[in-house]
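Accompanying notes for the structure given below.
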Amino acid sequence: MAKKLMKGNEAIAAAAISAGATHFFGYPITPQSELIEYMARELPKAGGCFLQAESEVAASYMVYGAGGAGARVITSTSSPGLALKQEGLTYMISAGIPCVVVNISRGGPGLGNILPAQSDYFMCTRGGGNGDYYHPCFAPASVQECVDLVRHAFDVADKYRMPVLVLGDGMTGQMMEPCEIPPRQEVKADKPWAADGNHVARGEHNRINAMDLQADVLEAKNEDIQRRLKEIAETEVMYETVDVEDADIVFVAYGTSSRAVKNVLSKAKAEGLKMGLIRPISLWPFPTEAFDKIKKDCKAVIAVEQSCGQMVEDVRLAVLGRWPVEFYGRSGGNPIIPDDVLKMAKDILGGK
Amino acid sequence: MLEQVIVAGFGGQGVLRIGQMITYAGFAEGKEVTWAPSYGPEMRGGTANCSCVISDEPIGTPVLMEANSIIVMNLPSLHKFEPVVIEGGKLFINSSIIKEKATRTDISVFYIEASDIAAEAGNALGANMVMLGAYVAATGIVQLETLYDLVKQTFTGSKAKFVDSNIECIKAGAEAIKALV
Amino acid sequence: MAVVYKKSEALTDAPLTYCPGCTHGIIHKLVAETLVELGVFDRAIGVGPVGCSALCDFFFACDMFIAAHGRAPAVATGVKRAHPDKIVFTYQGDGDLASIGTAEVVHAAHRGEKITTIFVNNAIYGMTGGQMAPTTLVGQKATTAPEGRSEEHCGKPIRMAEMLATIEGAKFVERVTVNSPANVRKAKAAIKKAFECQIEGKGFAMVEVLSTCPTNWGYSPVEALRWLDENMVPYYPLGNYKNEL
Amino acid sequence: MAKAKLTFDTEKCKGCELCIQFCPKKILVLDTETNQKGYFPAKVTNIDECIACGTCAIMCPDSIITVEKE
Amino acid sequence: MAKKLMKGNEAIAAAAISAGATHFFGYPITPQSELIEYMARELPKAGGCFLQAESEVAASYMVYGAGGAGARVITSTSSPGLALKQEGLTYMISAGIPCVVVNISRGGPGLGNILPAQSDYFMCTRGGGNGDYYHPCFAPASVQECVDLVRHAFDVADKYRMPVLVLGDGMTGQMMEPCEIPPRQEVKADKPWAADGNHVARGEHNRINAMDLQADVLEAKNEDIQRRLKEIAETEVMYETVDVEDADIVFVAYGTSSRAVKNVLSKAKAEGLKMGLIRPISLWPFPTEAFDKIKKDCKAVIAVEQSCGQMVEDVRLAVLGRWPVEFYGRSGGNPIIPDDVLKMAKDILGGK
Amino acid sequence: MAVVYKKSEALTDAPLTYCPGCTHGIIHKLVAETLVELGVFDRAIGVGPVGCSALCDFFFACDMFIAAHGRAPAVATGVKRAHPDKIVFTYQGDGDLASIGTAEVVHAAHRGEKITTIFVNNAIYGMTGGQMAPTTLVGQKATTAPEGRSEEHCGKPIRMAEMLATIEGAKFVERVTVNSPANVRKAKAAIKKAFECQIEGKGFAMVEVLSTCPTNWGYSPVEALRWLDENMVPYYPLGNYKNEL
Amino acid sequence: MLEQVIVAGFGGQGVLRIGQMITYAGFAEGKEVTWAPSYGPEMRGGTANCSCVISDEPIGTPVLMEANSIIVMNLPSLHKFEPVVIEGGKLFINSSIIKEKATRTDISVFYIEASDIAAEAGNALGANMVMLGAYVAATGIVQLETLYDLVKQTFTGSKAKFVDSNIECIKAGAEAIKALV
Amino acid sequence: MAKAKLTFDTEKCKGCELCIQFCPKKILVLDTETNQKGYFPAKVTNIDECIACGTCAIMCPDSIITVEKE
């Protein structure tokens, strides 16, 4: 397949189709419109079903239904829309429904605005719904990574029977970069647990539900969820590091803001300063292990986010006091300013 | 090589298109490229801009805070983006529409009567292509031929009739630069 | 000896968790029997609600989902779009369908989803212990309407069959009850048609079944049937509201 | 001699009396001993009068009555 | 006022009425039914308005409306119902709506069951909706504390113009203990910002909304929210400590599980073992400062939760590597078993 | 000189953010003028939606809320219950009212909330750039229905006036349009009655106004008025559907 | 003083009521008290139980894992709760309904024919009050008089007619204990 | 002499032509110069023919026309 230039939103949609997704349910919201519109145009051509739901809540339960019936299914939305899907997500965790959920996030809280922001980190990594769970959350930083991670997300979802999030922001969705979309694969996943209407003949009936009235039964289910989460935490961590080993300053940034930090690194290098980057690709599981590469006398670990500071908590948990943790953030849809970040780092190096 | 360019103007002037053409051309010539539109409330307000990066190396942020080159198609954009050109950079001004002059002296400024040139070339809506031609001719970031090919690929079928007039505009823009340098 | 009546094979052996005399059980039977009689039991998929029937996935012997409260029509939409050849039904209470799930049922009808909805209207929230439903009658007491429902405060009860019948995509809408053998038979006939509507690919079908909640109404099961007849039937007229079969 | 046969899955009976109420022959009653769940289950008093109409079974919410006839 | 025996759910309702709440909007869900039913019965008698909403989503926006119009307003729910209110909460944060939200939590994820659980900690402390925010969250451990904290919550909500959560669980709601309900106060809070229909005559018009299209405007709003959150973090921390100073083992537990830990402490004391308890009363802001009381050679800090481990993250953040952090939890509605907790602590002391 | 027409005092000076010729602006005027003419402007509270009119809190000069997408009826309920003496209205688009907010508007009607709802039906999602609405006509193109809406795939458009008129608590329901001076006058008369319904404490009132979206329909403003007349009016009959004043 | 008591039986046997009466009585006598019902699926299944704690000190958890005293009203409850009595504790069995015997020897077991005694006292539904009387008489946790007062406060107005029969049952339960000790 | 007066808040006009379309006297046109927003605003060609019916003002979505008469 040749590379082509695509918008992130469209690349995500194309990647989902290439990954064998057969069903899309979603509700329009900016800045992910190109994604849903691409799906509306292209998924039917690939023999799949695009359906606009009456709301995000309904969309999440259409996913629950189609996913529970064995389909490869995806939904996408933006920040407040994902807030509305929290009940659906916790249900899907409980019922063990594999699916991919894309959040092209925007400024918040509330309706906020449609500019790029990274302030949905908690909602996307901690599980904003009730009950004990996390779900895998992948954050692409380039259009090609949008493609790769969406495809990966489907496999992770199927393997662990849970919803997997892909978290971009308006910039990820709107920007255009070269990328390669592999040809569509037809997936014949073995889903013997699915309620697909094929069991009566065998005298069986599959049940998909999210209720377990007995404490012990629910505890056992939770143990199973935790077991799967543990396995994910052990095997599905993804991250990139740049020059971390001998850095005097290590930045931690994901997605759009990591791109800005790469500019900071170039500038720093040009000035002979040793700075590095840990870029979490999986936000949950968070790449705690990456921090072990940081040298002992590193001056500071700086979380850089387009938010008022959320991932920084995970950074603190990963650092556990080994180095000072600082935070640089912009909110409201404003971009990271590489020069400001560099200045902050230099101030720290200069002992200010 | 690292070229960072911002294109700005009114909605409807085809500024996003200029950026995309630059990006596509860079891509066609095997460079690393990114294109990022500004979007959000200002788009409704009528102004639009986009950032493109063309580079031999992997590209950092696609959102530019500063740029080697800036193409402005209307007055508010001149005001907003003139300060953002780096020292020694280039500023391309559609002087058919922008009557003010740039104030900076540490950059090269190119005044192109793009709307008039386009009208002359028989394509009243082609001011953006004129600016594109001028920009490419002045910077040499990509080959003009690459742009012509792109135009041919873009306008096909019932739209094939637009190919020539667009190429004319690009050429006219490139000519205009020659006259300036 | 010939069998005149025995438990439907589309029901499991699990004892029903409903209170004594609750007509949820009768409605279960009618759905189960219909699936078998129409020959679609082996390709049926049901979607239960949150409510007293939240355990109906244990009772119906076909593949089953339990949706979140009110979302059964959305879940059924997902299921049906994934498996257009299967027969998909929802089974929902009045809190589920007529309150929190209003948008979902309206839009399943609006899209003309080819699903069959069994709407069990018992004029109260059973599972949670007798709170007011949108279908609770004016004057009827509920734990959240301790003086009885007041029209001035929160309106007259909503009639879902009438409302949904106005939607183009709804092709079969009927209101029945199960408070006597004759009515049970009529209810079954309606449920059958509602499934036929789906089998023939026409669109959305709903049967609203007036049902009892002896426990939360505070009547014996037999009294509850009478209360239903005297109070619910006059406000919720039985009959067909749409039949485009 | 009885032409009809009624079988009750007695342990699942909840003693709701719906069968009793609608039996056209009025030959059903509740037992005086409870089942293991604590309910007084329904039973038939005089099977000879049963016309095997199935009404009791149709009305039983718990589907516990099987009706057969010769 | 004399003390009387009340269920937690009813005490919360009575406390809200006594605090001058005039409006309740909610949707029934177990195990908080007594709360909503008490409100239905008693709030109208106090001249207030009880209204059953068609859903939790609608309830949260009725609160947005009434709160934005200046009323003292409360809603209550249980776990999945709160998941549905996440969009409403982030809107209220953005629009600056004061209100009290009660979560009598239950087993999760999904519909789970109606037994007591503490697995909504993230949802209640991190803000499960989109955007940058926390909201104060108070967790009572006794019926009297239910009363006190609900009353307090209204004042905090009004002071900082934001939703305040009160987090109990099924046990908090169902248990009966003596408590004292102060007489009803009529609150004439000064809310010049409210959209109450009284401004036209003055040529003004108040606007309540959650959208700020311009990046700088939204950033400024976020800075204001963060400023208020910081003030709350500095001034509204609440906690109880028991024997922390010379404890070899310090437990951290809130609400229902803290009661079980108190039994552990008694047993430990009886055996001559030095163990202590930090009981967060405000979960957010988390009482980080309380951990400074722990002695240097304490053997371990053990988070005890009726969950698979959520608050333990805040404990780790507070401890920052100073002592080993351990976790004891039960899920699915199962209770903490004091003997097991004690054994775990002894094992640690014994070096196992 | 006598003033024949000038901008209503119930509108602020802020320029409207609507596209050229979008009839949202006409509907704004009618609401504003009605508030003044009925003498309730100084006690009015409006609730705007999410949609093109999400900035209407800047345009109406009374106290205003903007609700979350679809939730205006719930917000208005909270406002009205807090201030029963105030005049509360919602202003909502078709995505807002007829899609995501279906449950909220149905239940505001069901409870007989004493509020007035202005429902602007332009058969498309304007703000987000032309996606399909539940009111999009069969065959009409939208970005999420690139081949035009297909009845087989997602049903025929929903008629909200007809549906809501079946609800007891809805006391006034009328469909109007604003595509000609005569129709604007009729629309205003309907809006006036809908507010009177509230002033008299009767119950829920809604006026559905067929409106244009030149931008996303892809017509000039004038053409859009004609398209509305030729395509929308036949499917959405104008007229009164309920009047219990 | 720390008394932890669990009361268990079928729904409908009034077991929550026994617990509440103990709690109210402790409260009336100025003690610290808590009462906590078990709730959840088992309540639908027909069994019910509650935990009460009466103490001079502030009370830890209201949910009991073990208890000084246990009152069981039906067989499943005997099976479930017999192991939970602490060594030296007391187990009260409604032997009208429970025909089995307890197996533990390290506790005191009281067999009370509560249903029969209640029937004799003319209050067929009063078995729970008989057990209450027996429990209070055996443990002395509160005064019997306090219970009588509570009964009087509970049944007022049209229900005042139930006062005597309930007090009779409590008394009869207390008597039954005397006979046993 | 004109009996009517039309005032346009020209800077707010979006040139949508609705006023023009419905003017019974057909005396409104778009200007040939844009306003600062870039729209060609409406204006009146022959005020003497204006009957001050207000139709243009009623149809203007942006409420920018004031109509007065003697």
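Assorted remarks:
Think of it as A, B, C, D, E, F, G and H in the order they're written, each chain with its own count starting at 1.
As a convention for this text, contacts are C-beta pairs under 8 Å (C-beta built on N, C-alpha and C of every residue); 3 or more make two chains touch, one makes a residue touch a chain.
Being a predicted model, the structure only gives us computed values, none of them experimental.
Note on connectivity: the fewest steps through touching chains from chain G to chain H is 3. Counting steps between touching chains, the shortest path from chain C to chain E takes 1. Compared with chain H, the chain whose C-alpha mean position is the greatest distance off is G. Chain centres here are C-alpha means, and the one lying farthest from chain A is D. Separating the CA-averaged centres of chain B and chain D is a span of 88 Å. Annotation: 59 Å between the Cα-based centres of chain C and chain H. Here the spacing of chain F and chain G, counted between their Cα centres, is 63 Å.
Averaged C-alpha coordinates give centres for chain C and chain G that are 43 Å from one another. Counting partner chains per residue, chain B shows two or more touched chains at residues 40-41. Among all residues of chain C, those that touch two or more other chains are 50, 54, 66, 68, 99-100, 102-103, 106-107, 110-111, 134, 154. Residue numbers of chain H whose C-beta contacts span two or more other chains: none are found.
By the touch rule above, chain E contacts chain G in their complex via residues 3, 5, 31, 113-115, 170-171, 174-178, 256, 259-263, 265-266, 333, 335-339.
Considering their complex, residues 22-23, 25, 49, 51, 53-55, 57-71, 73, 87-88, 91, 195-201, 205-211 of chain A touch chain C. Those residues of chain B that touch chain A in the shared complex are 20, 23-24, 27, 32-37, 39-41, 58-63, 65. Every residue of chain C that touches chain F in the complex is listed here, in rising order: 99-103, 106-107, 110-112, 134, 151, 154-159, 162-163, 166-169, 203.
Residues of chain F that touch chain A in their complex: 50, 54, 66, 68-70, 95, 99-100, 102, 125, 127-129, 131-132, 134, 143-146, 153-154.
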